[in-house]
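First chain A sits with chain B, and in the next complex the same chain sits with chain C.
This part shows the complex of A and B:
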């Protein structure tokens, strides 16, 4: 019972973070981009709860608005990688044989290349904006999903109810959709959760390096990009709060994912 | 004697290097501007017709794309990575300067991560249900949720800005003759950031595999026959280390990704920081070179892990395949 309570706790926390960021434009006390040169680097106070940054912008307002950007990029990229992963893993697992072997060898090779490197290459050439980033993270983030979907399909293909459906001449798409995919949903859900955490990590890392989301748009990663210089003059509040938000968001996702993980299924997937 | 399995892993490594080389070659094709000028490295105005002719011939730039790729690959394998378009020096020279720093950071962090995770994982895994067992699970989830660079910023604030005991950035002092002590002082923060954010997940993985092994039938039989707890533990850890090593192999690429970010934060003069710099300044020959080198580093590391697995797992030595 204790684990159910903790699961609720983390779900509520994640829900709260999502709520705060989605309604950032209503909740933010200031405009996230409003500069005030008279209040540069002011420490947290009753007016600016979390202080101001190097342009006198309100950190709390930017934190809420930046969360919206970070979570929007992460969720859209996760949806993209979910689709690619399900299709790739599904084809590989359902058809098996030579197709499966070739597709899995390719996947193993791709998994060896740090996805950060691939994204860096494309960012160097196209220097995309916010949605370009989401596209790149999505295009590089589907490998684990594909692996899980494949192993689920292979496992389910041998189940009696699927064999039965085959015998009765159920159309292939119905078997794929109704039997294989629907029964894989718990496993796909867990891997997608962890993928979501990975996508947040990727966005904040790239923006932190200064090659992610354009600097004009606030995001948690972008805020930390400026914070690394501000910290040298002692302005700790600019770095502390975006980091805490990233940490709490990923922590909540990880705990929810752990609670959902079925111990029996886990051994198969690892 | 090389087994079938080791041979297979070597082929895999070569395939990976080919993919990385396509990626790298793609940069050359997609980069704006004239490839010959990019390889020349200096100012386009100072590029003489004869020099341009020579570069065009060396890289087969007037030939079809496939031939260009082969020519480029030939030059790359020979160690000629072109000239940095921002620094005007050969890319291979710049990379060789920085390679020792990356190898140092990588080997030190990996050493402590492996030692630390084996210790924590064994202690927690052998005592199922204890405070160690539960504590490690929470510790591992918590530490792996921290963005490494954020932890690094906090470290800089505490140890460099507030306490002033460690340098905030760089990989050596300015004149570069601070010796070993200076190197260690610069290494402490980037290394500990990587260790803290990674040791937990590896320890947890070993802990889980030890728990699985511990519940196996052969362990029960050994215990019932009065085999000492010491040798039982030895056997369990040995068997559990195969999935553990496999896990290290799977996560090595993302570890390299993480160290790129940490190198950049601490201005640690390694390959990772070089890659980011090349992207930011659009120095395409430098970017191609550093990507190729990173690819080689990953493949070599994975191969070493494979060899260790081969040494530990008798199934592989007898010609089995995982």
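This part shows the complex of A and C:
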């Protein structure tokens, strides 16, 4: 009962953050890129709730708009990695044998290279923008998903109901879709949630290093990057609020993921 | 109806069954009894053409005048779809846990014989009623029902399909005593009402005594005795059968 309430709380918080960022263009009090040189570095006040930055831009507006960018990059990359992971892991798990061995050795080789390094290198070479980065994060983030899908498929294909469907001559795609994938959803959901948190973190890290989202587009990571200098002159609000948002979002996703990991919520016993 | 002649199965140089012969007579309940590891399940897999790839099989399984061990994959698939219905040990594993039962019952029964959903709903309603199941089960997921209810759902499909041959592989070992009795009664009903031929695989002599007409006793990959239940029970010839019968009382 208690865990249900906590889950509820974190879902609401995440929902609120998503809602605020999705409708940022309606909710933001100022245009995120509107500069006002007369109000540079003004502390939080009734007019600018979260203050302004070194160009006099409203931090709240940039925070909401930046959230949209960060979450858009994270979601699109997660969807991409989900698709690749499910297909790769599915093929490997369903067919097994030599195919499985080859695919898993390849995956293990890839998993030893930290994805941050790969993304750093490619991002530096192709100088990718927002979508380029989403693509890179997606292309490097499917490894764990593939592993999970593979192990679920291997476990499920030995189950009696799958054998039974096979015996009745159910078409392979129906077994893959309706029997194997459908019953892997809880596990895939959890790993995708954690991937999502990871993707947000990746965007923030890269932008913080100055090679992520181009400067003209606000994102949470970008805001942190530019706030580095501002902190030195005492403008704490520019860094604090994006920091809190990143912290809360990742925390919420992790708590939701943890709650779902709880086997009591699953239908198929491991 | 099915005549098994000289059937030998060998997996990785290990003899699973050795030259076994038995017949399943049309309209009768034939029981294959033996301890675990005696090769019962593998024999059934051979009948269904579902042996592992590395299994070597020889002999004859004659069904309607031809040897189904030689049948092609397609022929075997259509045979399994149309003529044979199989009930496994644990019904709670035989259903897809994330799909509502109604849909699964339809795939197991109506769809196989080519009925539309409307026809299925009508026919299945009657059958579920007869088996003492509420129509509401179709809206439920398998994990919401007990093992006994799920096994009854399985047999409801058998009632629907009216297969030429029903193979029940240890159908009662996951059920408690009361449910076992109930289930056996259902099998007998299916046999008497619809004349379905049943191959009942079990290790429980009480079930054989109650349900079967004929029995074959299997031990370490061979059939040691075959005959009607009355003769085998009253006059067992093989030492193993005698031991089995003695341990029962």
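Following the convention adopted for this analysis, the second predicted complex is superposed on the first by the 262 of 270 C-alpha atoms of A that agree within 3 Å, B and C clash if a C-alpha of one lies under 4 Å from a C-alpha of the other, contacts with A are read in each partner's own complex, and residues count from 1 in each chain.
Criterion: contacts are C-beta pairs under 8 Å (C-beta built on N, C-alpha and C of every residue); 3 or more make two chains touch, one makes a residue touch a chain.
Computed from a predicted model, the values in this text were never measured in an experiment.
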Partner chain(s) touched by A:160 [first = chain B, second = chain C, both, neither]: second
Partner chain(s) touched by A:124 [first = chain B, second = chain C, both, neither]: first
Partner touching more residues of chain A, whether chain B or chain C: B
Contacts of A:168 with chain B and chain C, given as first, second, both or neither: second
Touching partner for A:179 - first (chain B), second (chain C), both, neither: second
Partner chain in contact with A:216 - chain B first, chain C second, else both or neither: neither
Touching both chain B and chain C, residues of chain A: 267
Interfacial residue positions of chain A with respect to chain B in the complex: 105, 108-118, 120-121, 123-125, 197, 201, 204-205, 208-211, 224, 227-228, 231-232, 234, 236, 239-240, 242-243, 246-247, 250-251, 254-255, 258, 267, 270
List of chain C residues in touch with chain A within their complex: 48, 50, 77-78, 80-81, 86, 88-90, 93-99, 107-108, 112, 141, 143
Chain C partner contacts - residues on chain A that touch it in the complex: 159-161, 164-165, 167-170, 178-179, 182-183, 185, 267-268
Interface residues, chain B side, partner chain A - complex: 12, 15-16, 19-20, 23-24, 26-27, 30-31, 141-142, 144-147, 149-150, 153-154, 156-157, 161-162, 168, 212, 243, 247, 250, 253-254, 256-257, 260-261, 264-265, 275-276, 278-280, 282, 284, 287, 291, 294-295, 298-299, 302
